[in-house]
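Two complexes come next, and they have one chain in common, chain A, joined by chain B in the first and chain C in the second.
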Partner chain A sequence: MKKERWMKGITGVILISVTLVGCQTGGQEKAATTPDAKASEANKPVNANGKILDKQIEVSVYMRPRPESVESNELLWMKPISEKTNVNFKWLKAPADVNDYIEKFNLTLAGGTLPDLMEAPLDLLNKGGENGVFEPLNKLIEQNMPNFKKIIEQNPAILKDIKSDDGNIYFFPQISAVKTINLQIFRQDWLDNLGLKAPKTTEEMYQILKAFKEKDPNGNGKNDEIPFTTRSKIKGLLPFIEPFGVSFEEDFYVDNGQVKYTFTDAKLKDALEYTARLYKEGLIDKEYITNDQKIWESRFTNEVSGATFDSFPRLEALEKLVGKANPKVNLTGLTPLQGPSGIAPFTKSQQNLIKNGFGISSKSKFKTEIAKIQDWFYSPEGQLAMNFGKLGETYTMENNEPKYTDLVMKDKNNAPLIKMYELGHREFAYQWDIRYENAMVSPKLAQIRDSITPFIKPKYPVALSFKQQERDVLNSKFTEITTYKDEMMNKFIIGSEPISKFDDYVKQIDKMGIDAVLKIQQASYDRYLKR
Partner chain B sequence: MFLPPLIYYLIFRYVPVVMAVVISMMDYNIYKGIFGSEWAGFKHFIDFFNSVYFGRLLRNTLMINLLSLVFVFPAPIIFALLLNEVRNSLIKRMVQTISYLPHFVSTVIVASMAVTFLSPSVGLINNILVQFGMERTNFLLDPNYFWGIFTFMDLWKTLGWSAILYFAALTGINTELYEAARVDGANRWHQTWHITLPGIAPTIIILLLLKIGHMLEIGYELIVLLYNPNTYLTADVIGTYVYRRGILDANYSFASAVGLFQSVMGLLLIIIANKLARKYSETSLW
Partner chain C sequence: MVFRRMTLGGLAFSCINALVLGLIVVMTLYPFLYVVSASLSEQLYIQQGRIGIIPMGFQLEAYKRVLEFPMLGRSYLNTILYTALGTAISLVLTVCAAYPMSRRDLPGRKLMTSIVLIPMLFGGGLIPTFLVVNALGMRDSIWAIVIPAAVTSFYVFIQRTFFEQIPLELEDAAKIDGCSMVQTLFKIILPLALPSLVTIGLFYAVNEWNSFFPAMIYLNDEKLFPVQILLRAIVIQNQTDQVLVDVFDDKNLLSESIKYSTLVVATLPILIVYPFIQKYFVQGSMMGSIKG
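Let's look at the complex of A and B:
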């Protein structure tokens, strides 16, 4: 009896393992049939039938989803791409929230079975690459990627940002077209109503926000205005901080080759004092810390707020949104303000040259194939397809210039960018081109965007990498410092802690070990310069 | 067929525990795995105890749990007892169904409801306060309110669902006892006090014991959604701190070390509580 039971159990276990193994070998067999041996054809970009690959393959992809549409190879935007490359993209479910996304990315790596292609912040890809999870791409680029090679040969800055400290390249970069990202968005019609001019200095800004609050620019007879609002918590208050010469955009900055910590800078004290004054007088949304997108939008649709700080394409999206109720709405974008200290106006809020990256799993069966399709993404033809979608449906060619059709540009509810996502636009790694972006935005928006560009100052590099011991210190010390800093910044602004306590706060940060953190940042920064 | 459950428990229950214990004593590197990572001894434990925030985290975690013990734990018992007195079975079932609906509302929705209700500019609560001539308050920015808000949301979400167990226990009470009591002249209040309450006492004690074992843990999702740097002072608990430092930064050793610390403390608490329960009542976990 007893023996029989054991037998049953063991048979069960064997059965299960056989099934599991079966699944695995199934995948391998399929992989083995694809042409690894045909590497000699590597340099031919396109095959006889006009496709990038001879045989159709399935590539699993882990990338940020878009709330506007589900991933599918059949969507209007994706179809020409997957047909041309002969790739059936298998989209893996990824969380939309940044933190959740990173969490799942880490867990996927820990789990061992990796998708072929993974999107992540650069630091994580380099870390994975140095540990052997992602394939070093140097050789693949050399042999299979003429288009991409040309890009990095022509732009040494890109090469510097994508190279890891060990000299390898572990990811394909998504290369940005413009630097502008956030700007101050203002209700021009409110300014006109009150006979005011757009503010140029912090003092004028104060006066205008005050006028917004007191002089009823929305004309409903009630004193219900919340002049300035934001949906991006403390970062939304950046335009009030930067005129004083310091920026929330970066934890560290470089002064004469020395890395320094932003949040203990003496200039920050004045900046916080100014911001706290605006908050105290009700010129900044009292709920800026808890606002989400929904509340932020309602502030505009209810016409209680007339100013915000947000990404430049949002200007048009907001205009569309408010325009439904009030067609007279007219939004404008402002350049950074002049502060009292005489520092030239600037902003560090900008798109990074390299936005994100895609790494190839070192266990993938399709390394060469992926390199080839990826190279097509960087080719002129590929760029056109990635940026513009399907000829005749989402764009047309006029005088050799691509132009979006009304399907994208004239959507009733959505701004063009959102409409593109809805049609299946995916942000793979490819190069953006200003030409493409100009076609997407209206001339008014393009002009506002270009007015910001001269004010953009280079930011602390995002492509730094760290050794394990360095990470340990950063992880323990810097996480605690950040917790304390986040807590205190908001307290200073909403006034629950007086600005006079700023020096005590700086002392506390020193005590928590900012020196050790700065030393590590400095070392990493120096390594970056030497790449 | 003892083997399959044994295998199940080995693979899915014991191996992970052992792994977590091992990882907590290593500098675990997700790329190298358990066999490639280096040993670190008690580094992560010491690191956690030495954290500037250790005291605050412990206090917040314990306080929120204590509040939950005082308010959230007895509420479903009282609710079940009250509903038990309702004789109209249609109303009874309706109330019961409605009461456990919040359990099915996702935490994200619960949090955004809280934000909406408490908003100083458009929130219902503030609008009511203004009617009574009081000032608008930004409840979610003031650390003084956090414990109250969290406890209330927790209560609202779990009340009906937790009561289900007590309803089940109530139906297990022999109805003859009530009849006998009525013959002896006991009124409703006497019946509740001498029959119903002792009848469900074992359930109450077991659930209380289990709850005490989790005194150092909190379902931190709701907190992560409700807190902000301004309320860290009262809202930051062990779970949220570990989430920021252990999970987001992929420092799994640290997260495991704290998890282990929580489990050991939980085990200690539950042993003590069980001893007390055995001493003063007939019910205990073992």
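Let's look at the complex of A and C:
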């Protein structure tokens, strides 16, 4: 009896809360939709001309924000876009952190009611598309998207990367403008102090790092230099590996149509030997495995390190940072090194052509409409609006070249990019304009960046896709191999395992089943070629 | 004066005691002081690792930046609302579960206990939980924040144990004086259990205050965001994978200081609550309730 009474009490509480919940959401939905509905009615008769869509619609979007992003259709940057397309964008609040973002993306898919347009990494969109969550776009592109069609016809590489293995296209790509990403950053003033020239070969590199170590380039009278440091763990040592003909940037490479595993390549042995020598002599940061951004920065601000391998804009970032402690600092970027074996210098460190993609929900009411506005994003006019904002306000045309106005470039925090976000700039799927990037970096940096571009070699495609069975094998075997490989790479470099053991290591990888993995990669790569 | 009466051994013990406790105080206090001092220091010194508990290159710009964030006021109010409402709901439900379970004459008490015990050992998993919340229509409302996490089994057990310590004779006395069961709960039991209620309430409040994950996954409307989401966004501002954001600007020159001041802004209010509640922790609960 007593128990029953208690149970009733508890059920009562739950019931009440559930009813409350019902009321709450219902009320909110109404509140959210009414003003929009009114607005569209008011706008319709006035603005039927020159717009992409005849009728105003509201498109819900789930896309990744910057913390500074201001989401509103009324802002200086966004208003012309919203007016031209006749779309009222309704942004669902998304986390800015990558992992959080993906977690919420997956949950939203699980929840069932999808926003019309969703941004995500490509493989997630393909996977969702193959499961019917996102609309196949082939027909929509054919019928409604002349501008986008032109882009993919002119760039077969883009078409290949956005097609899924089943022949469908499930997303609109954000197409980037530059390929350069990481380069070797050196203290030019240290080189000058010691009367040295920028290294061109691995041997010169060794000599210069040695000079950094021994000849006190920071001039404090102490032998405290750690010539080369990084915040990217083993990937930060890439410039010492690539001259030998292999790259940490890709797990696999293609040789005569055959997919091969990078980390058992014989060329890697020489590369590791060289790197291990640098490490042993203290030319590479002894703590590179554990360094984080903070330690990496402190190595520079304390002026113990004079070289690193990092993304190109960091060159100026570091220069400003160190400049606070030592105004004479001058950093430069190096092109990839020539190795002893005669392989032409190259790098595979690069930005992906396609950043993220946007998929249309297969349940959306506005598929054709969205295809039309997306097509405008890719058109020359849309590209200007997306990259540069509003003519006369955020940019002006000088000699047919768009230029940002002082409103953007002379922002009081000296942060043009962040200012753009605050003005409502959003990174939808469109083509990045190289001039957008140039406006953000100094001429010196743009020049250094462009000096690397000719050295960039295509890397193993990232847009491969796998079937479920294949994924299972990769998950079990390849994960294990990767863990073992990572451990051994570091061991070889820090010298806790002699290079002579390299052949044993290769045998071990064979034993762990690299053949099965290669077969899957080969199959997937062949499918990719046929797209 | 006290020392004079002590033996040598006692004195030594007191000294060691003070030393060890003092050391623990230093160890627990230092991180706090470090964060405060770093939030007031210039980025350069933080990066060089030269900050101790005294700020170097004093600046208040970082706080200004954090407090300038447009949604800060609104999300602070949200957090306070969620904390207050969430704690109230949690306490009511916890008492409702713990009190009957503490009565030894309750039929099926063991079964109830094991049902409450299960979620302590196994979780429902993220996606099923999400689906339930979604199906109940709580998404994008305050209820998604305060209801799913309302009861923590562990606290139910703590509260139950506390109720069990209250002598049954007290209840009998109340019954003889004509109290109904509900009256007994409100007039006798709850006042006696105040210290434990306050303690558990504080646990709930701190959890609610610090929680950001439910808000992240259930809320789509910025107007409902608690302050933790906003501050998390500020903290991760600099850890982006977008290359171009790497371009340095003056705002980023403060990023480390901003991170620390964000921490201070986010934790200070709930930290301030502690001293006011502390008296309940030390207060004896059963003093003089039963005699003989």
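One rule holds in what follows: the second predicted complex is superposed on the first by the 364 of 531 C-alpha atoms of A that agree within 3 Å, B and C clash if a C-alpha of one lies under 4 Å from a C-alpha of the other, contacts with A are read in each partner's own complex, and residues count from 1 in each chain.
Operating definition for what follows: contacts are C-beta pairs under 8 Å (C-beta built on N, C-alpha and C of every residue); 3 or more make two chains touch, one makes a residue touch a chain.
This structure is a prediction, so every number in the text was calculated from the model and none was measured.
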Touched partner set for A:Lys491, first chain B, second chain C, both or neither: first
Which superposed partner A:Ile434 touches (first chain B, second chain C, both, neither): neither
First (chain B), second (chain C), both or neither touched by A:Pro313: second
First (chain B), second (chain C), both or neither touched by A:Ala110: both
Touching partner for A:Asn475 - first (chain B), second (chain C), both, neither: first
Contacts of A:Asn99 with chain B and chain C, given as first, second, both or neither: first
Contacts of A:Thr290 with chain B and chain C, given as first, second, both or neither: first
Which superposed partner A:Lys324 touches (first chain B, second chain C, both, neither): second
In the superposition, chain B vs chain C on chain A residues touched: C
Chain A positions touched by chain B in one structure and by chain C in the second: 6, 9, 13, 103, 106, 110, 298
Residue ranges of chain C touching chain A (in the complex, touch as defined): 44, 47-49, 70, 89, 92-93, 96-97, 100, 103, 105-108, 112, 126-127, 130-131, 134, 136-143, 147, 216-217, 219-222, 225, 229, 232-234, 236-237, 239-253, 256
Chain C-touching residues of chain A, taken from the complex the two chains share: 2-3, 6, 9-10, 13, 17-18, 20-22, 24-25, 28, 66-68, 70-71, 92-93, 95-98, 100, 103-104, 106-107, 110-112, 181, 293-294, 297-298, 301-302, 311-314, 316-317, 320-321, 324-325, 351, 413-418, 437, 440-441
Contact set on chain A toward chain B in their complex: 5-6, 8-9, 12-13, 99, 102-103, 106, 109-110, 127-128, 131-133, 226, 233-234, 286-287, 289-290, 292, 295, 298, 468, 472, 475-476, 479-480, 483-484, 486-487, 489-491, 494, 496, 512
Contacting residues of chain B [partner chain A, same complex]: 1-4, 7, 27, 29-32, 47, 51-53, 112, 115, 119-122, 138, 140-141, 228-230, 232-233, 236, 241, 244-245, 247-252, 254
